[in-house]
Amino acid sequence: MQGYTLAELLAVEASKYVKDDEMNFVGIGTGGQAWIMAVGMPTVAVCLAQHDHAPNATLMIGPVLDPLLDDIYVPDANWEYDLIHWPCRCQIPLEDALGIFRQGRLGLSFASAAQVDKYGNFNIARIGTKENMKVRLPGCLAQTDHGAYANRICVTVRHNRRTLVEHVDFISSAGHENREGLPGGGPVLVLTDKAVMDFEPSTGLMRLKSVHPGVKVEDVIENTGFSLIIPSSVPETSPPTKEELQLIREVIDPKRKFLEARITQEAAVLEE
Amino acid sequence: MIQRTSKVKKLKDAISMIADGDKVAIGGSLIRRAPMALVREIARQRKRELTLYSWSAGMDYDLLIGAGCVKEAWSSYCGLFQFGMAMNFRRKVESEEVRFVDLSESCAKDKFRAAAFGQTFCVSKVPLHTSMMENPEFQSIIECPFTGEKYVAMEAYHPDVAIIHAHRADQYGNVQWKPIRMMDNECDILIAKSAKKVIVSVEKIVDESVIINNPTWTMLPKMYINAVVELPYGAHPNSCDTLYDFDLEHGRLYREYSQTPEKFKKYLEKYVYGCPEYEDYLNLCGGIETLSKISRDTLEVE
Amino acid sequence: MKYTLEELLAVEISRHIKDGEMGFVGVGTGGEAFIRAVGIPAVASRLAQLCHAPNYTIMFGPILDPVLDAESIPETNFEPDLIRWPCRSQITVEEALCIFKRGKMGIGFASGAQIDAYGNMNIVCVGEYKNPKVRLPGPLAQPDHAAHAKRVFAIQKHDCRTLVEKVDYISATGNQNREGLAGGGIAFVFTDLAVMDFNPDTDRMRLRSIHPGKTLKQIIENTGFELEIPEKVPFTQPSDDRDLELIRTRIDPSKKWLNAEITKEPATLEKNV
């Protein structure tokens, strides 16, 4: 890739899905690359949208609602002390956060997962069956809540056969396989290091939308653990424009707090 | 950077968002911090056939009922507290011009909370064996699938609009109350969150930096708010937490005017229809200078 | 020492308050209604704390466990003063109502326009609900107390309009049918003339004691239903000098409670007697 990083490419792509006047959600995240995919990149995406086409969009990041997202306001560390002092318009109790989801006021929710299947079911609970568990993962957190109630969900994962599977081992967030009784819209976007996927409305199955510059469609097929819907022509993911890169590098994230997870004090880069 | 949307509206324009036949939820309780300026504007615009929801109502309900705006109202109370009975409410409920649905404080709160938390119904044991059960809305008894206990199922409120009065907000609709507020202001939060649209009047519109300096005071972030109207003494003659007291003089005057429909018409003509602008009402009550005699705390931090 | 009706009732009620429990007092309206619903329970509560129930607390609207000595009582019951009333906790309505639902409320002090032979109470309407003769303010939290409080203490005016065979609207469930309700129902009715409780076998109201100076005839004539009258009915124990002294010097010297001075619309119950 030239002139921009994978994290920048994904942030710009994700920002196109942020709508004006909606509230978006990112979790607090863990560390390293996982943090960049779950928190850093999505935060930059929302801020970029605020600058570009969604000035009234807001972000909920844990208990911090509608923080100021330009670099000068963002704390240097994501320790409790710094988070509490992050300038924002509101700090909300957990009860309120969960109430907001259930009222259907959550626009785009950013998720990450250990497994994502062809229907967009996510899994962050366990690998293996109930009886024969291979890996016990941390647990559902609020992912199930988002899966039920968010208007739209964007998940960012590594593109390999271990992650993109035929069927997840545990459904921690319901995709399009069966949404009966669930008010939310389910997943709309899967971002990986190779491609952008969405879901075919008639079947609810995952479909290739674009491949990142330099990535071949065969490469994507080979690294996907199920048969992905491939349209007759697959465009390239649009690279960030000069203006977008300038905004990210000068205003939004010059110190790479988000796109290199420097705010977590455990810096990382999304490329291998 | 492209501009964010300001939600600041003129009193008239904000209330024109309410249509005849709407279900309107009103904040405040008893004779405390009801959004009386918004209420008077509803009456002044002669809205009709409204359904009202509140936790515990006072002069807000009485005035709207007296002005002929209401066909149905739900609450745990409607009275003027130390000033006695709400006479317009009494007359029109006694003559069946207004349907009033009684429910207890917890049931009223349960119904707002259900809506605020995105649920379509809630349950309570409280109505069992009371006359609340006479209403068709309280007929559904369900059993707890785990213990077999009986509960009355109650539908969540679905108000079209909520009107509330708060201490301050920024132009984008981030709404704050001083933390010294009476704790039952939390009902207003649920009431606002239950509604499709929210109109809030505030004592003062402040710069966003003031909000950002005290984000824990923001009880209603902008996502809930559709219109912000700056109306100092906007709860008058109700009290507004520690900011100002109930106006005893006006309370007695209201009590006097509401004794008969004829007299109340005079009240409406003078204080509602005769006040096309909010300033006209303030001037009738002696202006900000006179009203400052009921003032107590300021909006600043103590 | 001579005593007033308000003092007699406050002292009598205080005797029934148990150590360690919590009582609920509403915020009340004005005049006589305030004295019955708020003033008398407040004084009874402090007297009980001073005499035999040091761990008893009250919930007074959003104010939990306020300091009940005279020097701490606010000048008025208007909002800015109430908010600054010294207390150990200020709670949300949510929490207050949950305290009931979790069964933590010992005594719910109540007062209504009607109370019937079975202790059902009514503060909603006189006459038919749909087409009432008199429309009253509404139930407030009365159904909540009646459903969940361990004991309800009613403080009522004693006349045939108030004490009726059957209330026109049940805003608080009495003792006859409590299926599914966790609370203990109504325990006592305190009036201008007497103290009543309920016969556990019949669930009907029963005369317990007659206030000094009142007569059985007066009570029967002023009760709108057939009150159960035991063979021997004692007099309500008069207030003793210690209690009166405490009330007049320490608890309520300026009659904020017992004459509703705190509401700035003072009143007295005496004129009814």
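Every chain is named by a letter (A, B and C) in the order it is written, and numbering of its residues begins at 1.
Criterion: contacts are C-beta pairs under 8 Å (C-beta built on N, C-alpha and C of every residue); 3 or more make two chains touch, one makes a residue touch a chain.
Remember, it's a predicted structure, so these values are computed and weren't measured experimentally.
Colleague: Taking each chain's centre as the mean of its C-alpha atoms, which one lies nearest the mean of all protein C-alpha atoms here?
Modeller: Central chain: B.
Colleague: Any chance you could check whether B-C or A-B wins on number of contacting C-beta pairs?
Modeller: More C-beta contacts join the chains of B-C.
Colleague: If you average the Cα atoms of subunit A and of subunit C to get two centres, how far apart are those centres in Å?
Modeller: 59
Colleague: Centre to centre, by mean C-alpha position, how many angstrom separate subunit B and subunit C?
Modeller: It comes to 30 Å between the two C-alpha centres.
Colleague: Please compute the C-alpha centroid of subunit A, do the same for subunit B, then give the distance between them in whole Å.
Modeller: That pair's centroid distance is 40 Å.
Colleague: So in the complex, which bits of subunit C are touching subunit B?
Modeller: Going by the criterion above, the answer is residues 27, 29-31, 34, 61-62, 78-80, 82-84, 90-94, 97, 100-101, 124, 129-144, 146-148, 169-173, 177-182, 263-265.
Colleague: Please output the residues of subunit B touching subunit C within their complex, sorted ascending.
Modeller: Touching subunit C: residues 30, 32, 55-57, 75-79, 81-86, 89-90, 93-94, 96, 100, 102-107, 109, 113, 125-132, 134, 149-150, 180, 182-184, 186-187, 239, 241-242, 245-246, 248, 296-297 of subunit B.
Colleague: Can you list the residues on subunit B that touch subunit A in the complex?
Modeller: 1-5, 116-119, 170, 172, 174, 193, 208, 211-212, 215-216, 218, 221-223
Colleague: Tell me, which parts of subunit A touch subunit B in their complex?
Modeller: Contacts found on subunit A: 21, 23, 50-53, 55-56, 58, 64-66, 68, 87-92, 98-105, 149, 183.
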